[in-house]
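Below are two complexes that have chain A in common, paired first with chain B and then with chain C.
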Partner chain A sequence: MNGSQQDISTGWERWLERFVALDRRWIFLVLGSVVVLFLVVPVSMPVTVSEQVRAMYETIEALPPGARVHLSIDYGPGSEAELWPQHIAILRQLLEKDCKVICSSLWTDGPPMIEKAFTVVVGQLEREGKKKVRGVDYVNLGFKAGDRVAIAKIGSSFKGAFPTDYQGNPTANLPIMQGWDTYRDIDLLITIAVGDPGAVEYIQQAQSRYGMRMVAGVTAVISPQLYPYYQSRNLLGFVGGLAGAAEYEKLVGRPGYATRGMFIQSAVHILIVGLVLAGNAAQFWLWWLRRRKGARV
Partner chain B sequence: MRNRVPVFICGFVGIFMILKYFSTYSPFAKIAEELEQWGMVTLSFAIVLGVLNLIKINLKAVMERKKDWGYKLLLLVSMFTMMIAGGVKWYREEMAGRATGGLPVAIHDSLFDFMFDHVYFPLSATIFALLAFFVASAAFRAFRAKNVHATLLLVAAVIVMIGRVPIGGAIWKGFPWLQEWIMTWPNTAGQRAIQIGAAIGMIATGLRVIFGVEKPYLKG
Partner chain C sequence: MTGTYGPFMETLGVWLVCFFTLAVFSFLYRDNPIYKAVEHIYVGVAAGYYFYQAFRGTIYPNFVLHIHRGFQAMAEGKMDGYLAQWRWGAAVLGLLLLSRLIPKLGWLSRWPMALVVGSFAALNLTGFAKANFIDQVAGTMLPLASAMSGPEALPFWPGAKAAAPSILNNAVLVVGVVTVLTYFFFSTRRAGLLGAMGNVGIWFVMITFGATYGSIVLARISLLIGRATTLLDVNLPKYGYPAYFCALLVVGCILVWRLKFFKGEQER
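Moving on, here comes the complex of A and B:
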C-alpha cells in the first residue's frame, strides 16, 4: 500500500470510528427536527387494519343497546400521546351504541383522564343532539388502590369496592348501578392500560375467573404480551399503540389524533431503522478496513 | 411469637384466596371477599403511610437546609397545594351532587383541574416523550450484528418497526404481513414460554410463602 492509499484508508477509518461512536445529541437533534417538521407539514398515510383491531371493533359493535361495559382506564398523562386517541374512539363508540359505561381506574392519575374523556365525548354527542346523563348512562367510579386484589374485589362487588363514585355520591343510589353488582352482570370488560396493573392482570384476576368477554387497548410496548391471550380467546381483540388507534379510527370512520400521527411515527421509525442499518454498515466497513490493513502489514 | 403471628396471618389469608378460586363452597368465597376488602384497606393505609413518610423525610431536609432543600420544599408545597385543591373540588362536587338529589355532578373549573391540565399533564407527558429520544440513541448503539443471535434480533426489530407503521406497506406490501407473522408466531411462542415459566415460579413461591418456608415480609 503506498502512502496516499494509506492516508485515504486512515481517513475513512477515522470518519467511520467517529460515526460508530456518534454523539447522541446529534441523534436527538435529527429526531426532534423530523418530529417538528412533520407536525408542521402533515401528510396522510393509508392505514391497513389488523385482525386483532378489527376483532375488538366487532366485539364492541355486537353489543346491544343498554349493555353494561366496565371501562378501566389504567393510564395517566404520561401515556396520553399513545392511549388518548383509542380512549376517545372507544368511549364514543360505546356511548353512541347506548351502552352503560362504568369507568374506574387502578392508577392514581387515571380518574382525571376519565373525566377529560367524558367531557370531550359527551360534549361532542350533546352538540350532535344525543344527550347522555352522568349517573344514568355513564359513571366515573374513581381510583381503587390494591392492584390485583382490587381487581378481584371489583369482580365480586362493584358497590363494595366503590362505595362512592369519583364525585363522592353513594354508588348504591346511582341509576346506572341498579340491579347488578359483579362481573357476572357485565357484558364487556375493556381496559385501556399502560402497564402493571393493566390488561394482563385483568385477564388473570377477572376474565379467567368470571369468563366474561374482554378486549383491551394498550401501549405498543405491552401489545406483544397480549398475543398469547388473544390466541387463547381470553381476549377477543386488542388495540396496540398509536398505530392500533389509527386503525381503530379508520374502523369507526372518524380519523383523528392517531391518524394524523401516523406519518410522524412512520418517519421516526424509518429514521431509527436507517440509523441502525447505517451503524451496522459503518461497523462492518471499519472491521473490513482494519482486517485488510492487518493483512497487508 | 413476633415471627409466628405474621406467618399465621399470611398462611390463613393465602389458603382462603386459593380456596375461593378453586372451590364453589360459598363460605370460603365470603371469607376471601372479606379478606380482599381488608387487603384494599391495608393498601390504602400504605398510601397514607407513604405520604407521611414523604413529608417527614422532606420536611427534615428542608429544616436542616440539606443539599437540594429548595426542591424538597417545592415538592412539599406542590403536594399540599394539590391535596387541598383536590379536597375543595371533591367537596364542591359532593355538595352539587346532593343538590341534584344524588346524581353526580362534575366540576371542571377548579384549581385542581387547572393544575392537572396545565402543570402535571405537560410535565408528565414531556418526561415520557423523552423516552423516544433515548430509545433512538440506544437502538443506534445496541442493535449491532455482532453474532447470529444479535443479527436475528436486529432483522426482527427492523421488520417489526417498518411493518408496524403505514409507510411499511407503502414501501413493500409484504412488510405488514411479515411483521404480523413475527408477532403472531415466534413472539407468541416466546411470550407463552416466559409466562408459563413465570407462572410456575409464582405458584412455587406462593406456596413457599403461604406455608412459611419463605418470609420476605418479615425482612426490612
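Moving on, here comes the complex of A and C:
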C-alpha cells in the first residue's frame, strides 16, 4: 500500500469510527424531527386490513341488537397513544349496534379511561340523534383488584364482584344488570389491554373456562403473544397497536388518530431500518479496513 | 381534553400535560434535576392514586358497604345480615398480611399468603392447562389440504381442494412447532436428523425474536407519536401556546443547571 492509499484508508477509518460511535442523542433528535415534521405536514397512505382485524370487526358486526358485551379496559394513560383509538372505534361500533356495554377494569387507572371514552362516544352519538343512557345501555363497574382471581370472580358473579358501579350505585338496581349475572350470560368478551392482567389472563380464566366468544385489542408489544390463541380459536380476532387501530378505523369507515399516525410510523420505521443497515455496514467496513491494515503492517 | 372541567382547570391541565411531557423528554439529553423532580412527583401521585382506587373499587364496596348493609339487615332480623359478617374473616386475613411490618409477628402473614398462593396457583393451573396446552395442541393439528370435493380437487388426493395460502401457512406452523420443540429437547445429544431439525428450529426462534423486537419498536414509536400529537393538538392560542412556553421553560432550566450547577467530574 502506497502513502496516498494509506491516507485514504485512514480517512475512511476515522470517518467510520466517528459514525459508529455517533452520540445516540442525534438519533433521538432525528426521530423526533421526523415525527413532528409529518404531524405538521400530514401525508396519507393506504391501509391494508389484516385477517385478524377483519375477523374482530366481523365478530362484533355479527352481534344482534341488545347483545351483552363485557368490555374490559385494562390500560391507563401510559398506553393511551396505542389503545385509545381502538377503544373509541370499538365502543362506538358496539353502541351503534345497540349492544349493552358492561365496562370494568383490572387496572387502577382504567376506570377514568372508561369514563373519558363514554363521554366522547355517547356525546358523538347524542349529537347524531342517538341517545344512550347510563345504567340502561352502558355501565362503568370500575376497578377490581385481584388479577386472575378477580377474573374468575367476575365470571361467576358480576354483581358479587362489583356491588356498586363507578358512581356508587348498587349494581343490583341497574336496569342493564337485570336478569343475568355470570359469563354464561355474556355474548362477547372484549379486552383492550396493555399487559398483565390483560388478554392472556382473560383467555386463560374466562374464555377457556366458560367457552366464551372473545376478541381483544392490545398494544403492538403484546400482539405477537396472541397469534397462537388466534390460531387455536381462543380468540376470534384481535387488533394490535396503532397499526391495527388504523385498520379498524378503515373498517368502521371513520379514519381518525391512528390513520393519521400511519405515515409517520412508516417513515420512522424506514429511518430505523436505514440506521440499522448503515450501522452494520459501517461496522463491517471498519472491521475489514482494520483487518487489511493489520495484515499489511 | 374532554371538556368536563371548567375553563381554568382545563387550561391548567393542558399546561401540566405539556410541562410534564417535555420534562420527561429532557432525560433524552441527560439525567437532570427537572426530570428528577417530575419523576418524584409522578411516583407520589401514582402511589396516592392507586391507594384511592384500590379502596374505592375493592375495600369500600366489597367490605365496608357489605358489612354496613349486613348490620342493617341484622337489625331487621334477616338471616342475610348474619351471613354478611363472614367478610370480617377476609378482613382479618388481609390485616395479617400487614403483620410483616412487625418482625416478631411477621410469621402471621404466612397464613393469608398461603391462601393467596394456593388459590392463585390452582386458578392458573386450570386456565393455563386448557388455553396454553390442550387448545394449542389441538390448534396445531391442521389439515394440509381442506376437505372439499369438486372440480378443483387435487388429482393425487381425491376430495381435497388446494387452498395454497392456507396449506402453506399450516405447513410452516407445523414444521415450526416440531422443529422448535426438537431444539428444546435436551434428553439426548442433538445429532443427525435431530440436529438438523434443531437447526431449523433455531431459525424459527430467531425470526420470532425479530418479529417481537419489531413490534416493540412499533409500540415505542406509537407512544412518541401519541405524545407529539398531544403537544401539537393542545398548543392552541386559547390555552396560550403551552407547548412553546413549556419547551422554553424546560430548556432554560436545563441551561441554567448545566452552566451554574453541573459538575461534570462528579457526574462521571
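In the analysis below, the second predicted complex is superposed on the first by the 297 of 297 C-alpha atoms of A that agree within 3 Å, B and C clash if a C-alpha of one lies under 4 Å from a C-alpha of the other, contacts with A are read in each partner's own complex, and residues count from 1 in each chain.
Just so it is clear, a residue touches a chain if its C-beta (ideal position, glycine included) is under 8 Å from a C-beta of that chain, and two chains touch if they have at least 3 such contacts.
What you see is a predicted model; the values in this text were computed from it and never measured.
Of the two partner chains placed by the overlay, chain B and chain C both lie in contact with A:Gln231.
Of the two partner chains placed around the shared chain by superposition, chain B and chain C are both touched by A:Ala81. More residues of chain A are in touch with B than with the other of chain B and chain C.
In the overlay built on the shared chain, the residue A:Ala220 is in contact with chain B and with chain C. Once chain A of one complex is fitted onto chain A of the other, the partner contacts of A:Gln207 are limited to chain C, with no touch recorded for chain B.
By the touch criterion defined above, A:Ser33 reaches neither chain B nor chain C.
Of the two partner chains, chain C is the only one touched by A:Val120; chain B is not. When the two structures are aligned on the shared chain, A:Asp109 is found in touch with chain B and with chain C. Contacts of A:Leu275 after superposition on the shared chain: chain B is touched, whereas chain C is not.
Judged by the touch definition given at the top, the superposed model places A:Thr10 against neither chain B nor chain C.
Residues 28, 31-32, 79-81, 109, 116, 119, 144-147, 149, 152, 209, 220, 223-224, 228, 231, 241, 243, 265, 268-269, 272 of chain A lie at the contact with chain B in one complex and at the contact with chain C in the other.
Within the complex formed with chain A, the residues of chain C that make contact are 2, 4, 28-29, 49-50, 53-54, 56-58, 61-62, 65-66, 119-120, 123-124, 126-128, 130-132, 135-136, 138-139, 173, 208, 211-212, 215-219, 221-229, 232.
Partner chain B is touched in their complex by these residues of chain A: 22, 24, 27-28, 31-32, 45-48, 50-51, 76-81, 109, 112, 115-116, 118-119, 133-136, 139-140, 144-147, 149-150, 152-153, 156-157, 160-161, 165-170, 173-175, 209, 220, 223-225, 227-228, 231, 241, 243, 246, 262-263, 265-273, 275-277, 279-280, 283-284.
Listing the residues of chain A that touch chain C in their complex gives 25, 28, 31-32, 35-36, 39-40, 79-82, 108-109, 111, 116, 119-120, 142-149, 152, 162-164, 201, 203-205, 207-209, 219-221, 223-224, 228-229, 231-234, 240-243, 257, 260-261, 264-265, 268-269, 272.
Residue ranges of chain B in contact with chain A, taken from their complex: 21, 29, 33, 36-37, 39-40, 43-44, 46-47, 90, 93-94, 96-97, 102-106, 108, 113, 116-117, 120-122, 124-125, 127-129, 132-133, 135-137, 139-141, 143-145, 154, 157-158, 161-162, 164-170, 176, 180, 183-184, 187-188, 191-192, 195.
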